[in-house]
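Chains: A, B, C and D, in written order; residue numbering restarts at 1 for each.
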Amino acid sequence: MGRTSLSVVFAGSGGSGAMTAGQLFLQAAAAAGYYGIMTQLFGAQVRGGESAALVQVSTEPVESPPDRYELFVAIDWEKIDQFAPEIPLDDGSIVICDPAAGQVPAAIAKSKARVLTVSFDDPAVTRLERALRGRRANVCAAALVATLIGLPSRHLDSALIKLLGKKSAEVFEANKRALKYGAQLAKTLPVTLALDDAAPGERWFISGNRAAALGALRGGVRFVGCYPITPATDLVEWLAPHIRELGGNLVLAEDELAAINMVLGASYGGIPAMTVTAGPGLSLMTEAIGLGVAAEIPAVIIDVMRAGPSTGIASKTEQSDLNIAIYGSHGDAPRIVLAPTSIGDCAYTTEWAVGLAETIQTPVLVLSDQAMGQASGAIPAPTRRPSPGKRRTETKAGEPFKRYAIGSDPNTPMPRPGTEGCEWVAEGLTHNEAGLPVSAAAAHAAQINKRAKKLAQIDPGADWGECWGDGDTAIITFGSGVAPAREAAIRRNKAGQATRVIALRLLSPLPRKALRDALEGTRRVVVLEQNHTGQLLQYLRANDAVPASTESMARPGPLPFRPAEILSRLIEERA
Amino acid sequence: MGRTSLSVVFAGSGGSGAMTAGQLFLQAAAAAGYYGIMTQLFGAQVRGGESAALVQVSTEPVESPPDRYELFVAIDWEKIDQFAPEIPLDDGSIVICDPAAGQVPAAIAKSKARVLTVSFDDPAVTRLERALRGRRANVCAAALVATLIGLPSRHLDSALIKLLGKKSAEVFEANKRALKYGAQLAKTLPVTLALDDAAPGERWFISGNRAAALGALRGGVRFVGCYPITPATDLVEWLAPHIRELGGNLVLAEDELAAINMVLGASYGGIPAMTVTAGPGLSLMTEAIGLGVAAEIPAVIIDVMRAGPSTGIASKTEQSDLNIAIYGSHGDAPRIVLAPTSIGDCAYTTEWAVGLAETIQTPVLVLSDQAMGQASGAIPAPTRRPSPGKRRTETKAGEPFKRYAIGSDPNTPMPRPGTEGCEWVAEGLTHNEAGLPVSAAAAHAAQINKRAKKLAQIDPGADWGECWGDGDTAIITFGSGVAPAREAAIRRNKAGQATRVIALRLLSPLPRKALRDALEGTRRVVVLEQNHTGQLLQYLRANDAVPASTESMARPGPLPFRPAEILSRLIEERA
Amino acid sequence: MNLAVAEAQGCALKAKDFSSGAHPIWCPGCGDFGVLAALERALALLGRPPHEVVLVSGIGCSSRLPGYMNCYGFHGVHGRALATATGLKLARPDLEVIALGGDGDGFSIGGNHFIHTCRRNVDMLYIVMDNRVYGMTKGQPSPTTESDWDSELIPGGSRLPPFNPVAMAVTAGATFVARGYSGDPQGLAELIVAGSKWPGFAFVEVLSPCVTFRPEEFEWKRKVRHDGVLVENDRGAAVSAALSDDGFSLGILFRGKGPRVDHQPPTTTLAAIEEQFLLPSPDMA
Amino acid sequence: MNLAVAEAQGCALKAKDFSSGAHPIWCPGCGDFGVLAALERALALLGRPPHEVVLVSGIGCSSRLPGYMNCYGFHGVHGRALATATGLKLARPDLEVIALGGDGDGFSIGGNHFIHTCRRNVDMLYIVMDNRVYGMTKGQPSPTTESDWDSELIPGGSRLPPFNPVAMAVTAGATFVARGYSGDPQGLAELIVAGSKWPGFAFVEVLSPCVTFRPEEFEWKRKVRHDGVLVENDRGAAVSAALSDDGFSLGILFRGKGPRVDHQPPTTTLAAIEEQFLLPSPDMA
């Protein structure tokens, strides 16, 4: 057996096209049947600033960030200091660079990585041509790495067509030349990084954000009210044309207050509806989420988490919105909170969120995060879908209709406006069974209990989350913590330290029984999460759901957890 | 020893003046040296609807709602059904009513209270006069009860002057006549309810909301940005003229978003600043509270809690905003949360809040509630004041100033704008020590730790809360739960069931050590709070601050806890 | 169509078909009773049955209105009625959507939605019961309150120039703007009918006295005049008129052009959308 | 006073005294560089030293400006700059308070504060760098975006009539309204000086191209005209002019009257206020 994976970084200053290099490489590898993932690092500048594409390709599904990068391709060295601390390299890494770009900077050189030099400028291309058509060092770099892993050139060609699609023939030809030159360069290097063949199987090329958008469409969402915010905007930008093609609406609201209230209005109208935001927007939505709880209006709210508090770091990841997701409205306003367990699962979880919102008639929050949302991957096709959920609308004939009736089933019918004889008012004030505002303690308690019962009755079945392995050490985590935790567990299992990973898809209401079962037989429990205060652990403690000895493995973002970090903290904490 | 207290209800329809009756009676009793408290019940109508004044007077300080009312004075019977379930009467109670108002309604009669009838219409007043000047049955009723407890008429006279102040001499005379008639009526009744003499001592007549407003002024608040919301509006209505008299500002903002951001702006300017709201407004403020946390701007936010979720019951009490107060912003945004322990303590706690906000440079939430905020009491004078807190503004000469410097003291100087050479930018993005936005993990962690350290370093001393008694059963509670818990404990202690009450004034950061000490030697711990989900208990559990066996005594509002309810639940739960 | 005529002709629906029978919490004499009556009449005249009508409101005395009518309703949070109504109407263009509420709800906390809804021109009606005060919270000055109105919160008055709803709506891009008076349910019903029929966003400001906190508004019955001049298309002229007017002229004051929001039928399927993500099976040769 | 003259006269402060030296994150060629330059010049001219000036902003590319200047600053949350600035100025009337930000920040999420701040007339300046796009979030249509501007979010354009900042400000009650252009730092600096000196709320809309997401705005340099007509007091006329204008005329466009906000000195003491709560000692006799 040969090499099964490669991690590589393409880095460069504004205009160097490092991102395109990464995309080209990953798409070519994906076309050849490899799995892979790409995340992006940006500099401070709004656009055209320095950037790095972090790519992994593998014969197996891959989603965890690597401990270190094996290959670092510098398209140029400008402002590399901005990134260097976020890109782990070591003396086993290889740096490929062009001496024309200058010396290897200290921030990189100190890793002691082996440096290989090439000239990204094809000597067959005249200076004039280069000046006219650009250097295309990025395309060359992508071809170089693709050739190193042994990709046939046709996959690079097809990836190029996919990426450049509409560009002129001239541009296209220049790029193809750069591809060819890059492939030649590879042959001049004294390394071989050839990958084993990929396994067959249907796979998709998709980002977490697009998967979530797709899940929403699958679930039946046909109305979206939103306001732009990083890192959620690309989700709605992908969704916008498609929801319209399906006869739905996507409205750019004046602010998040409008967005969420538009969603409640559309949903009242009988159309599954959603909004998409990040922390600051979620903070603004908490009042209306409470209205959704009280008036029992379905709604899906996707929060693509970024580093907080306040504006924080808009473009980078964290998992620190758990508190506000679970607790963030005034009054007793319990709600449903879900978290996807992988890029592909963004589709599953979001579709489930729509079904839950519709059946339980309440807001459902989906906590995605930047690391998962903005990562694009060649992943196993997310074809598995949750069982569909539908809103109850039929009323019992003959009986006078009471929207908020107290009875055995707390999920009372909510007929669509337009239905004769069922006229009802959605009410955010404390109300009686008919929905009229009242202030009596009994009615207040009755409605609070009705809503609590709705949540208590949720039986998530196998959807509550996932549990891999049966080791006596358990890592409980969620969202983008899942992939590195699994990778760490795989390595520990290999080393005989049996470790299981428990990923919570349903965070609230807490699936107590499932979690208890999943923890059966553990002797050590660790909660892994990317925030400062250990929000998940505190929440689990509040619910008496973990042993007293449970340890916290929490730290803020924006750097992703890497398997080695988890492994070493598992050792440390014990010491 | 004779009677030491009396609980009495004055009830009537819109225009009957039941509230005035209650005020007149309580003020007269207060003038005679008694302690007392009055709360109000309103019907659904916006104004002029039915209402009831619930009054207690006592020779000792009194703040707990009574188990039952001893006296019920019906000025008329209209719409009494609205209230009846909220006013406990029993066969030991006395109902005073006018047969002209009709039969005693079933809702009252079923209590088996003894019914005494009088005519509130003075036969000496002609029909014409009555038609012209009104019935004044309310004034008569107040005088009747005042006379029953043995108040000399001069206290009624002085209370009347206080209440009517500017009214015409004619009106005044008519009222005095009604007073006199009421006093005569008392003598015709076959009961005596005379109270023992009151103890001497300085006392104040004040509501919780006014006390909080006063505390803010004492603490130095000279800017208020607000938006009206029940039950917080009367706080700012009292404050408005007074803060202006002190050279400060109170601005009516266009919404809560503006209010809280105005407060942050004023505070940045060096002026201690505050906003006042209730649940829905607090939900809207969470984004800016997070900004206050991140940019380290002092601010006081008073939340006079009402029944939620959503619009809930605007005029009635609950303690269900604890979750949002502690957890309600995106990102890791820990903040300070306080709760007053009594009407008088609203002044102490709010003044302390200002001091904490200024020294720790962060938002401080004060969780009052409708029951405490809108109760007026004749209470022991709240003259005790917390040690003052001041913002650190002086910088070290010679060193370049860094607003967010990482060093031994996390409370870094925040010079007032106008100070030469210290120009700094308040920053809500992740920033470096100088306050410039950065996205590096190290800076992010450093600032999160800096802010966490500020909270961790708070040493509340004796201000953390209060602990009464040393029984092996402990009731932990806060806000308006304190008074009934204390009353229940007093009764249990008398019965030999030693019970202590622990009132948390500092809710967040949790005063772990003080709480641990306060719990020393307990065998049973019960958490009393007025919400559905047991928010305080969950929070204590999340912080591992109470024994696993701790019991929840939580229920939603809007009815106040009564001592007997607490006592019986203490027995029940054990069974 | 004149109301009297319509009723004489025996329309199928009667005003009382729209009454829920619930007892309003409003103070006796509150202007909002007149608005309720006018709305019931107007809906009868419009001829849409109760189940096809949805009233959307915020929080305030006026915003309680949906509870008093027999049709669908959404009593949301303070200030967001227009956002909720916009979502509803876009999602369900087949319904008759009417947003309503008070001056505080609409022009203070809801001011942003007001100006952006005027731009958006979604086909619905917005009725603001303007009593120039926050009634429900017991009497604070609202944006439309006169600058010298004395209150506990601002003794002596705010000294701020009142918000001019008509001028703001026209400047912001509204295509139908009218003013009515609660004491004239007949005239008001006609404005409501015209607004409902308008193919776009229609805004009707209704002078609706708060007898409890603004008893002086009783005088409005003497101040209102049925002499509002209709300006067509010329926004500048309409704003000038609104700014120089004393605010008591009733009628349709502006009609103009605006974007039309059309509902698009589906043009593709979910399966077709999913296809873009599928990677071609690599040939392993 | 003409800037060139002022500088020749050797004012004590220089533009560079207001520069922090930090490197802006803006794209090369962004219009906001010109606004930064104009602001530095204007402040030098105004003569208030850096420590007496506070720049308050929201979130967006433009809102990053306070970090690039040497004076006090408050980089708050998205859309709330005017609220923050209002609180600051009322609390500290001695400071020179300048709020600034983008069209999204000011007219979309911040629209409510914009209209109410215009009414309030607190003595401060507001500069909106209008690039007719959300720059920071990478190119979505803002309220001022042309109705046919194509974007990923709204292919083909929003079809909504653009928000007219000048007309809205005047209708809402602003007392000083001007329009400048980032490519003309000299003219812009003069407007900023005039706005700062204005005893009330001054609003300056600055056309400031986003070269990255709206490269066509390069053309603005050919479209702007120094022919804005100053209307005094007549709000209707100013709104009419603003509504019929193409939006490229520069200069002070409106000046009018508004309420004055004065700071009141203390008239009593805390002890005196507390007295009202004290119950007289009862005579126990």
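Going forward, contacts are C-beta pairs under 8 Å (C-beta built on N, C-alpha and C of every residue); 3 or more make two chains touch, one makes a residue touch a chain.
As the structure is a prediction and not an experimental result, all values here were calculated from the model.
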Inset, instruction - Name whichever of B-D and B-C has more C-beta pairs touching across its two chains. - result: B-D
Inset, instruction - Tell me, please, which chain's centre (mean of its C-alpha atoms) is farthest from the centre of chain C? - result: A
Inset, instruction - Report the inter-chain centroid distance for chain C and chain D in whole angstrom, where each centroid is the mean of the CA atoms. - result: 31
Legend entry - Separation of mean Cα positions, chain C and chain B [Å, integer]: 37
Legend entry - Mean-CA-position distance for chain C and chain A (Å): 41
Legend entry - chain B, residues touching no fewer than two other chains: 44, 254-255, 257, 280, 287, 291, 295, 310-311, 314, 428-429, 437
Inset, instruction - For chain D, write out the residues touching at least two other chains, lowest number first. - result: 77, 79, 108-109, 111-112, 116, 143
Legend entry - In the complex, chain B residues that touch chain A: 44, 85-86, 257, 278-280, 282-284, 286-287, 290-291, 293-295, 303, 307-316, 318, 320-321, 323-324, 326-334, 428-430, 437-442, 444-445, 448-449, 452, 531-533, 535, 538-539, 541-544, 548, 555-559
Inset, instruction - Could you pull out which chain A residues touch chain D in their complex? - result: 44-49, 227-230, 233, 236-237, 240-241, 250, 252, 254-256, 280, 310-311, 314
Legend entry - In the complex, chain B residues that touch chain D: 30-33, 155, 197-198, 200, 202-206, 210, 214, 217-218, 222-223, 225, 242, 244-247, 249, 251, 253-255, 257-259, 261-271, 273, 287-288, 291, 295, 378, 381, 417-429, 435-437
Legend entry - Residues of chain D touching chain B in the complex: 22, 49-52, 54-56, 64, 66-67, 70-77, 79-80, 83-92, 94-95, 112-113, 116, 263-270, 273-274, 277-282, 284
Inset, instruction - Sort out for me which residues of chain D touch chain C in the complex. - result: 108-109, 111-112, 115-116, 119-121, 143, 147, 159-161, 163-164, 167-168, 171-173, 235-237, 239-241, 243-244, 258-259
